[in-house]
Amino acid sequence: MLRVEQVTKRFGGLTAVDHITLNVGDTGITGLIGPNGSGKTTLFHMITGFYTLDRGRIYFQDRCISGRPPHTISRQGMVRTFQHTRVLPFMTAMDNLLSAAPDQAGERLCSVFFRPGRIRREEEAHRERAKEILEFVHLTPLSHQLAGRLSFGQQKLLEIGRVLMARPRMILLDEPTAGINPTLIRHLVNILRGLTARGIRIFLIEHNMPLVAEICEKVFVMDSGRLIFSGLPAEARQDARVIEAYLGREDRAA
Amino acid sequence: MKKMIFLLLGLGVLFCWSPGMAESDEITVGAVTPLTGKLAVYGEGFQQAMLLALDQVNARGGIHGKPMKIAFEDNNSTSKGSVSAIQKLITIHKFPVIFGPAASSNFLAVCPIAQQNRVILIGAESAASAITRCGSYVFRVFPSDRLQGKGVAELALDLGYKEVVLTYVNNDWGVGLADVFKEVFLKNGGRLLDEFAHDEGKTDYRSEVLRIKKNDPEAVVNLTYIKEGATVLKQAYENGVDVQWLMGSASKSPKLVALAGGAAEGVIGTYPTFSQQTPQYRAFKAAWDRKYPGKKLPIFGEYNYDMVKLTARALKAAESMSPEDIRTALMEVSKGYRGVTGDKTFDANGDVGAAYGRWTVKQGGITDYP
Amino acid sequence: MLLEVDQLTAGYGPVTVLHQICLELWDHEMVCIIGPNGAGKSTVLRAVSGQLMPRAGRVMLEGRDVTRQGLREKAAKGLIFIPQGENIFPNLTVLENLEMAGTMLQDKGILHQAVERVWAAFPMIQEKEHDPARSLSGGQRQILALSRILMLLPRVALLDEPSLGLAPLVVDFIFEEIAKMNQTGISFLLVEQNARKGLFVSHRGYVLELGRNRLTGTGQDLLNNPEVQRLYLGG
Amino acid sequence: MAYYAQLVLNGVIAGSIYALFAVGLTLVYGVFRFINFAHGELIAWGAYLVLLFALPPISLPLYLALIPAIAGTVLIGVAQDRFVYRHLLQGHRITLLIASIGVSYFLRNTLRLIWGSDLMTYGIRPVRGIQFAGLSITPTQLLMAGTAVLFLVILFVLLTRTLLGKSLRAVADNMELAAVMGVPMQRVRVTVWVLAALFAGVGGFLLALDTNLEPAMGMTNMIKSFAAVLLGGAGNVWGALLGGLFIGMAENIGVAFFSPGYKDFISFALIFLLLILRPQGIFGVLTGMR
Amino acid sequence: MDYLLHILIVALIYAVFAMSLNLELGYAGLYNFGHVAFFGIGAYTSALLSLAGLPVPLGMACAMVAAGMAGALLCVPALRLTGDFFGIATLVFAEMVRLFFLNERWLTKGPMGLPGIPRPSWVGTGIAAMPMFLVLCLLLTVSVFLLVRWVAVSPFGRALKVVREDEYVAQALGKNVFSLKTRAVVAGSVLAGLAGSLWAHYITYISPGDFTLNETILVLLCVVLGGKGTNWGPVLGAFAVVFFQEALRFLPIPADLGRLIAPLQGMVYGLALILIMLQRPEGVISEYRRSRVC
């Protein structure tokens, strides 16, 4: 579904992402792991169009998306979250969701004035969907609360709900479990599983290794901007290069 | 929110409580005067001259025994402020006569309002020729630009300057005057080496001065205000531009010399003149010195003085305090009226004629040019 | 005991990152904090150094409570913090960077001596004395950042990920230098992602997981502990 | 030819004053990351305070009046920070900008309240310019250029030779790290305001000495200095110097080709173009301060 | 009574002006400090066209179109800037527009200004026109108010808020940020053009001096005082500011102290801006008040 080919990004003298080639989406949940500063988030930024590429191409559903602005990539069905939760704090949870509905006629100023009926119907439908999603992420009682007043974990859920609202084919999650408690993590895992059951592909950056091992069918491991491993999570644990990337080199340390 | 409501209420109370309403035992006229903003420099002088005339009117028994008063309303030197001010004077106080604001742009903004409300508007220092067409309720005791522009052109030609550089302040007064000057000057065989406007209120005119210097003229016609004029003169002097400066009436002020110092020496200008030998002028000067000892005569002070005196005369002569009657009386009493600034007979458009005199700066003082 | 961290709780905004962390650091000791990403390692150093005010718990330096003291006060008492990543001033020259590092030294003479110490230890950055620090290589930048320890000669240095973004050979060099400084009597509390490396040079180690103490022990013990590997890689 | 040379010379001198103002703007921007709209009012206050101390009842000679006047300007600069900006630094930069517009409006009108809107002057007699190779320059202009150079040199020495100056650059470079290293932040921020106000005050005095005083004198000059700041790259002191010179020359030479009514238009258009062509360059803060 | 009508008309025109700025500043988070430029463009377009003999309503429509086009023109370069730099660029743009009015005498008569701008024929002329003009202003203000509110609660308004709150999120959610902002600025400019043309036809005389930075500050004050991002805020702010200005006329101030009023007024405005920023950056009416209750 998502193909990344020979992608490179440099910041000054530092090569943050170095000739990465990977293929995501033939399985439900794919993980991207690696130590701090290995270029995972940079890669995400490039896939979603927030960073330009120095080299390489990216294909999504066999269409080249590299060089496209973020909003067109998002409209093609690849929606992301951010490393630090970014809900819209001064809008209600409901509005947070509604604003994510894709391709709204009401966002064109002309239709606001000239096709009010259609917009009302459309809004109605979005509202219904938003209610379902709120139910799905267990936020229904908070739908009219300002998003900024939700707890950290609730904001995470809201963010995932917002991504869902956009009717994605693939979602990119940047550290979805960072900073939330174990109960909520279980809840989140269930939600993610539910999504894959609906056929939505998930590509996530995650540091919680047991979790990655549990839910990911495939992982990519990055270190210093390079792809050092791709395969099953269980294999990754055995892989010398991965261990080295995480723990340091055996020969020097022993 | 509560605070806001209180604030609004407070404002409302202030608003409804309007002091100085015209009471029957005194006769009040309104005045829109630039007490703030960029023309405030002149506004205070206008006000003092008007108050001087008022004192004299009241000392002689006012209007049929009732004292005359002037209600000053500030216009912040803007047209917007002028409109607000005159609206207040007309509709709250219902004054039949209003002295209009200085600067033609402000005057032009208010004159349709006065005309439509049938309230008499009198200007003491607005020169734009467009004012002539303002309407039957609009008068001015100051001569139109047409006369002054012609005057400067004649001055230049009389002094033998056929080729000059023309510069003028980039506002209504400067542009209007410059247009008339150009018309007359060119028609009579003059030639402009260069012509450009300079911005109002700047402090650095060096590049403009250099532009003058480049053309190396014998004379420069500089139609501008005091501040701008003084700065241009000073910076021209510093840059070694030695030309004959020809200026208009708006620069004729001791303040020009104070600001420009020696650089103002030798400037020749025109101004709508009136003899300073007349008894009217001497009386005015003496009265001024008594009331404001040590203060120099303000620019256009005489016109403001005349305006008030003439108005008082008309109020006395009017059959009633309705604007129509006052208007008739005004036309009547102005016939052959000789004020400090000469003959103030209104023509059909409410304009007055004028003789133009010439002034010059000599040894740090402003005197008549022989 | 030189430094004792007792039941430290800290976080940012609504998020609590550290939950009742306890640490000890003895004289001349080098202690390494390891743990997977998001374990709160850097936050420990921020909270101990005074950059981040802890919500609860105590920080004791040489038996005195310094929990509520700021960076400057703690630095004056001999506890300094070297943050990770952008830890030099790129537009200042190398020398000026050192002067800033020694900004707490009141006396010009002492400052001069301190700079001399750095030059003696790291001649390679002396060569670039008057170049802007942005022209240094990654390893040189890290050395420049570490020079602060040499200048101030503190009792305790808190060091956050000195190996971040460096090539393996350079990492070895940096750790050698840290070990040398340790031998002169400076105690180190080190946060390291490169667990083997960190534990190898350290006397003892603490393993954090999700903001809580998980394991502790000597470097060797932890290195051989399968639990550590599990923490990092799951399974 | 001499005409254009003279325009360039005048431009250079006007530009050196713009540079003085631009340095202050750039310092504040470099450390606090906001555009202090009220910088112009420091310029005007500097000039007017000299007048206050030079006129009766105090009647100090100009050069002596300068001392308390500059002290007063510095006080205003520090007070701006103390009473307004400090409380807003945590918030949005726009809040700061609006607040600084408010401060600017407040200070300018206070000036009007005290001295009126009228043009004022120190009453220096006009002197013939010194003629040199067909160029003319007045002693005041010489003094302006000289003072500007002197102050910029002093700034250079301060920023590169003193610990305080280096701390200032360090804070501009990386505020968090500077705090970790124990750089006295309070002293640095006060220093920034003192320097900004000092340069604005001295520049304002020179400007008034050369021309006249009026309440809006700071406003127009501040906008032009901002053009200089952008031209040189925000935060770059030497860039600000070059930018100031360029703006000064551009608007002076422009008069030869355009109507003088468009004099300000030239620098405004330049700002507009620069903002649009180099929006990235704006963030090159304090680079090349050496 | 006409005086009260006058104040009401001015306040209504300012309310339209403030609402147009609020569309950009409150909803889209664009700090346009040069909004007076569009007010001026509207005023001049309408005045010039109706002086040339075009019916007034047609002139007003053209004014809105012209202001909108100018807004679009400004967007192309300026929207690449963020936050305060956008503010400075717009501020500079407004000054450039004013200098254009001042210097292009063939078109605008420069500093002479344009006198005798006609009022709509059905409104009538002279003193009788005032109540009718008030009705016109009231009608337009109410329509603009409803229009802005309609837009604000529409998905378009919601999308603008997303852009204001977090541009990155907006992009990640498939919003074309540039296009949304452009539409906000164009819509704001069109309404500012309407306010400007109303102004021109009301005052019947305009000159470049009417469109300075002071006007921008005044309308900015209206918006932030009333409460940005709210429907009623700008209207309330406009009325408060206009009434405050006029109320000053009634203070019994001795004639020789008269020159102190304008600076004092300016000081109050400046201080108001500072205090609002310090104490209540969201203005008198808070956008979030209602949600805070629940």
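Read from first to last, the chains carry the letters A, B, C, D and E; within each, the first residue is number 1.
Quick note on the criterion: contacts are C-beta pairs under 8 Å (C-beta built on N, C-alpha and C of every residue); 3 or more make two chains touch, one makes a residue touch a chain.
Model, not experiment: these values are computed from the prediction.
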Common touching chains of chain E and chain A: none
Farthest chain relative to chain E (centres taken as mean CA coordinates): C
Taking each chain's C-alpha mean as its centre, the one farthest from chain D: A
Where chain B and chain E are represented by their mean Cα positions, the distance between them in whole Å: 33
Where chain B and chain D are represented by their mean Cα positions, the distance between them in whole Å: 37
Centre-of-Cα separation between chain D and chain A, whole angstrom: 48
Residue list for chain D, restricted to those that touch at least two other chains: 116, 259, 261, 264
Per-residue overlap in chain C, given as positions that touch at least 2 other chains: none
Interface hub residues of chain E, defined as touching at least two other chains: 102-103, 259, 262-263
Pairs of chains satisfying the touch condition: A-C, A-E, B-D, B-E, C-D, D-E
Chain A contact footprint on chain E (complex, rising order): 150-151, 154-156, 158-159, 161-162, 165-166, 168-177, 180, 183, 187, 287-288, 291-292, 294
For the chain B and chain E complex, residues of the former touching the latter: 1, 3-4, 7-8, 11-12, 14-15, 17-20, 35-37, 40, 43-44, 47, 51, 72-74, 76, 78-80, 83-85, 87-88, 90-92, 104-105, 108-109, 112, 116-117, 128, 130, 170-172, 174-176, 197
Residues of chain D defined as touching chain B within the complex: 3, 6-7, 10, 14, 116-119, 121, 123, 125-129, 131, 136, 138, 207, 210-212, 214, 216-217, 251-256, 259-261, 263-264
Contact set on chain C toward chain A in their complex: 14-15, 17, 36-38, 161, 164-165, 168, 172, 193-200, 223, 228-229, 231-235
Partner chain E, residues of chain A touching it in the complex: 48-50, 69-72, 74-75, 79-82, 86, 88-92, 95, 98-109, 112, 119, 122-123, 144-146, 162, 166
